Amino acid sequence: MTGTETMKTTYREAMRAAIRDALQRDDRVFLMGEDVGRYGGCFAVSLGLLDEFGPERIRDTPLSESAFVGAGIGAALAGMRPIVEIMTVNFSLLALDQIMNNAATLLHMSGGQCNVPLVIRMTTGAGRQVAAQHSHSLEGWYTHIPGIKVLAPATLTDARGMLWTALQDPDPVLIFEHGSLYNMHGSLTADAGAVDIRSAAVRRAGADVSLITYGGTLSTTIAAAETLAGDNIDAEVIDLRSLRPLDDKTITDSVAKTHRAVIVDEGWRTGSLAAEISARIMEQAFWDLDAPTERVCGAEVPMPYPRHLEQAALPGADAIVAAVRRAVG
Amino acid sequence: MTPAQAEIAVKEALRQVTPGADTGSVAADADLRDTFELDSLDFLRFVEILSERSGERIDEDDYPQLVTVASAVKFLTGRARR
Amino acid sequence: MPVLGADMDEGTVLEWLVKPGDEVRKGDVIAVIDTEKSAIEVESFAAGTIKQLAVSVGETVPVGTVLAIIAEPAGERAEPAPAATAAERMPRELARPEPSTPAVPAPRPVSPVIRHRARELGIDLATIGGTGPAGSVTGEDLEHAAARLRPAAAPLPTAASPRPARSPQKPGPGAGRRRVTPLARRLAAELGVDLAAVAGTGPAGAIREADVRLAEPAGKRAAPAAAAAPAARSAAERNQSMRQAIARLMARSKREIPHYYVSNTADMTRVMSWLYDRNRELEVSQRLVPAALLLKAAALAARQVPQLNGYWEDDAFRPAEAVHLGVAVSLRGGGLLTPAIHDAAGLQLGELMSRMRDLVTRARSGRLRSSELTDGTITVTNLGDRGVESVYGVIYPPQVALVGFGRIIERPVVVGGLVGARPVVATTLAADHRATDGYTGSRYLSVLGDLLQRPEEL
Amino acid sequence: MSRAAAKGAPPEAAHRRDLLRQMLLIRRFEDKCVELYSAGEIRGFVHLYIGEEAVAVGVNEAVTAEDSIVSTYREHGHALARGLPLDSVMAEMYGKTSGCSRGRGGSMHLFDVSRRFYGGNAIVGGGLPLSIGIALADKLRGEQRVTACFFGDGAVAEGEFHECMNLAALWDLPVLFCCENNLYAMGTALERAQAQTDLALRAGSYGMPAWAVDGMDVLAVQHAARGAVEAIRAGGGPHFLELRTYRFRAHSMYDPERYRDKSEVEEWKKRDPVDLLACRMRESDELTDADFQAMGDALTGEIDKAVAAAKAAPAEPVEDLTRFVYSPEPI
């Protein structure tokens, strides 16, 4: 197969291919987390890797988030390149001490001596009716922390390509995989590989309004943009890709062109990543604005179980379209 | 639709199509397209609004009957009586 | 005054455990200091004789203030350390009542802190039992004893003074300040537009980009000013400024662009009958007007003759990738602007019709977006509704062609040797001779005429 | 220098002298810290190790330069015993660029990766997972290294402690857990915080060898640590030492000490680890009072020099405020 040929794949398979690739290319890499081995991963991302790489490198852990995330940090300090999987972002709070107080601070506290080349992957987001302890989008919290980088692959290419680049980074990188994306189908070229992890991408060019989003809400946002095109409103859609650091330039360039911004973020509105982006637009693109920025965020409620309530709590295409209409006037 | 209702409907439609238009002093037999500078799109919109208000279908063949306020009123009241 | 905690800025001397003349060793406890958090024993970092106590009991001083002067044992130096100046000391706002009686000699060893706390609480140490090692009195013992002595309830504080009256009523929201978007504000400053004279068309009358462009003084833009705003007061001013903008642009066009003109007459029989059949089946809102077909034909013809679709820039013609059809829209009360229908050649007729309606409506209500005003690659002017038979227009720089349509009118036409009445339209083209020659212009009109014979393909 | 040493004392005696010197260095260093802190020269939280010196010195004797150390916020002793230069530790107290953490850490965050000293961790129990990870890396690479992790009795109440005991035992990791039981988690006495106060017993429940050691006796600590390290290196998995010790001073610099009685402190001071070793050496004629005095004086001189150097050292320019948040970009 040559590089230009494409093959059908899913987000899940692309992520697995990325892990396999990393394990093959660098023997310092190992995967560690709850049920990543025999079970195959809670979301079946690592299915089959145990047979391929053995229990030392596909390492099942007890339900001890703090201990195994901290162990990942320690192993990274000692020269390994661990990939730590946390089942969901809600569970990551049990390891927040290690992520915040160690991974993010060691380099600075040690005056530059202790960098932590660790990658932590976790599932985020709602849409699967798993209620209020498995559904939240807390990546915005993590973007508050200097010392770590935060990624949100929203496409197959990024699912396939971000991990390797993250493993090359000398500092801790958190990868947030939206749970609704694992079954996303599509095709990748056979030679798909590492991608940059610092820039945002314009997924749809447009002239009238900038829709800024990431992760699980990208497809909703693109759908909204298509609806708007029918109304002769030409929306640009930006996929942030990297949530920390933020690619300010792509955002402000777009706003300078369209003069309007609508931010779509599944996280809760108050103190959200959307708030941060809105603030940056005020700081850096205020004089380009021809309307107030709009935010379309998750409802401020612990995620309810019933489908209709869950859907109502999430940023939908209708809400995005309405926000754009307000902005465009 | 009474003649009075029809006249109100015509004038409201004109005001919607040409915001700020002075429909109070328009002569009953003045050519609407000339008086209010209606282009074909404006006229289409005018017809659309009248159709919505009267609940009557208005065909292209009927357009010549909508040239003045008087003829439009006559058209609408005549339609209603049928 | 030593630093006794990370958050300590000042301290109060609660008790001196030494007096001038006493010998102290390094590490001896010499005083009790009250910080915000607790009373702490302070040790000496030097050995020698206490020469002077510089801060008296009850005084609060900042950290770093000299508390006492200790002479070195041999007495070699008379002034071993400078005393704090009076100015450095901060008098305590509420003086602590000085203990009036000396400490009660306790029968057991009692730490200075305990002794001091007992005095504060007014407890005679001799009267309470100790639970600490060797029966010593602990802090807990003291607190228990104090709790027993405490009266049942503390007196309530006196009624609070009434709240200060609120300041006079604030002016109502929006009074005195125009709502202007940041972009509009910036643009106004750049273009020298006085915002006071601009009517806003945004929410609650907010002034937006389009409003400023409309009010812009002539000559600063490459295209006629943007949208009409409804406010009547400044309509005359706006008309004037738009007039000036058009004047500059058109003068520039005629000055710079060597125009040539060609014209033709297109038979509209098929178009009109096709339209009649089509519209008959449709609701009013979905009907097409002839102009929609003319625009579509003009766009398709521009695609087939790409030499006319694009810009003359830097002494060269640059063809455009798509046909963005500028449509001249006359504004009520004067003036015109030319918003573009993006990719007009690729649109279905129904869609093109609705875009056209939308553009005209928004152009007249001042809701155009700036991109719609600057993107045209070729422009059409259709004055047929006004009754003229043909129009020879002026090209919008940097475009290179302008297509004109006159009134669709029945004329005697010879077909197959017979004269008959047929609807026809005069099609004209004004083109930039730098970019093309008359031959190309003729070809365009010929293609256009052919397209109008196949309305079902438009 | 004593006559005995000058004549070429037996190696054990020289070794004991070295232990004494290390403990005394820590003691004098911290005495100086108290003085400097009181004078406002150094600030922040400063947790003194005075009374616990035998633990750091004894454990460090059992490990090699290849092994790793993970420490707590009460780590001046661990750092100095590990061999971090006195100057760099003192400069860190001053927040200067010549500090072992370039001044970014201060008292609670001393680091020296070149000595595999992975820092002072100021979250109680927070260093335990790191030690697990470092040991895991060593094990995955087939290194024969041991990671010694210090933590206090307070950490035993943290969930992380139990997660890590389990993980280390489950994965058979080469970690020496050194629990410095000084009887107080800040102001909370052990028996007021722990249902089972026998900490070795609790560690033992995870299936690892664990026992209590007299943490005031440097020789006992050294002996226990050597035994444990040897067993770990031989593949015996993690070991746990409960080092029973006592801090003579407040939790952090000064506190009102409402939580313990003076007489208790006095009682423990009778077993001062420095005095304890010095007495033994006097008894066996390895040390004279003059030797001891001279040793102390020499150390005081070194410390004064370190203070002078720290004061003179450059401070980080404010323009560099946000350095070391991320690694520098590769060129």
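Structure notes:
As written, the chains take the letters A, B, C and D, and residue 1 is the first residue of each chain.
Quick note on the criterion: a contact is a pair of C-beta atoms (placed from the backbone, for glycine too) under 8 Å apart; a residue touches a chain by one contact, two chains touch by 3 or more.
Note that this is a predicted model, so its numbers are computed, not measured.
Centrality by C-alpha centroid: the chain sitting nearest the overall protein C-alpha mean is A.
Each chain gets one centre point, the mean of its Cα atoms, and the points for chain C and chain D are 53 Å apart. Work out the mean CA point of chain A and of chain C, and you get 26 Å between them. The distance from the centre of chain A to the centre of chain B, each centre being the mean of the chain's C-alpha atoms, comes to 58 Å. Computed from the mean C-alpha positions, the centre of chain B lies at a distance of 45 Å from the centre of chain C. Among the residues of chain D, none is found touching two or more other chains. Checking each pair of chains for touch leaves A-C, A-D, B-C, C-D. Chain C makes touch with chain D in their complex at residues 2-6, 37-40, 42, 45, 63-64, 109, 111, 113, 132-134, 136, 138-140.
Residues 181-186, 202-203, 208-209, 342, 355, 358, 367, 369-371 of chain C are the ones that touch chain A when the two sit in their complex. Every residue of chain A that touches chain C in the complex is listed here, in rising order: 207-208, 232, 234, 259, 286-291, 328-329.
Remark: chain D residues 68, 70, 99-105, 109, 111-113, 118-119, 121, 123, 126, 128-138, 140-141, 159-160, 163-164, 166-167, 170, 322-327 touch chain A in the complex. The touching residues of chain B, when paired with chain C in their complex, are 18-20, 33, 37-41, 44-45, 47-48, 51, 57-60.
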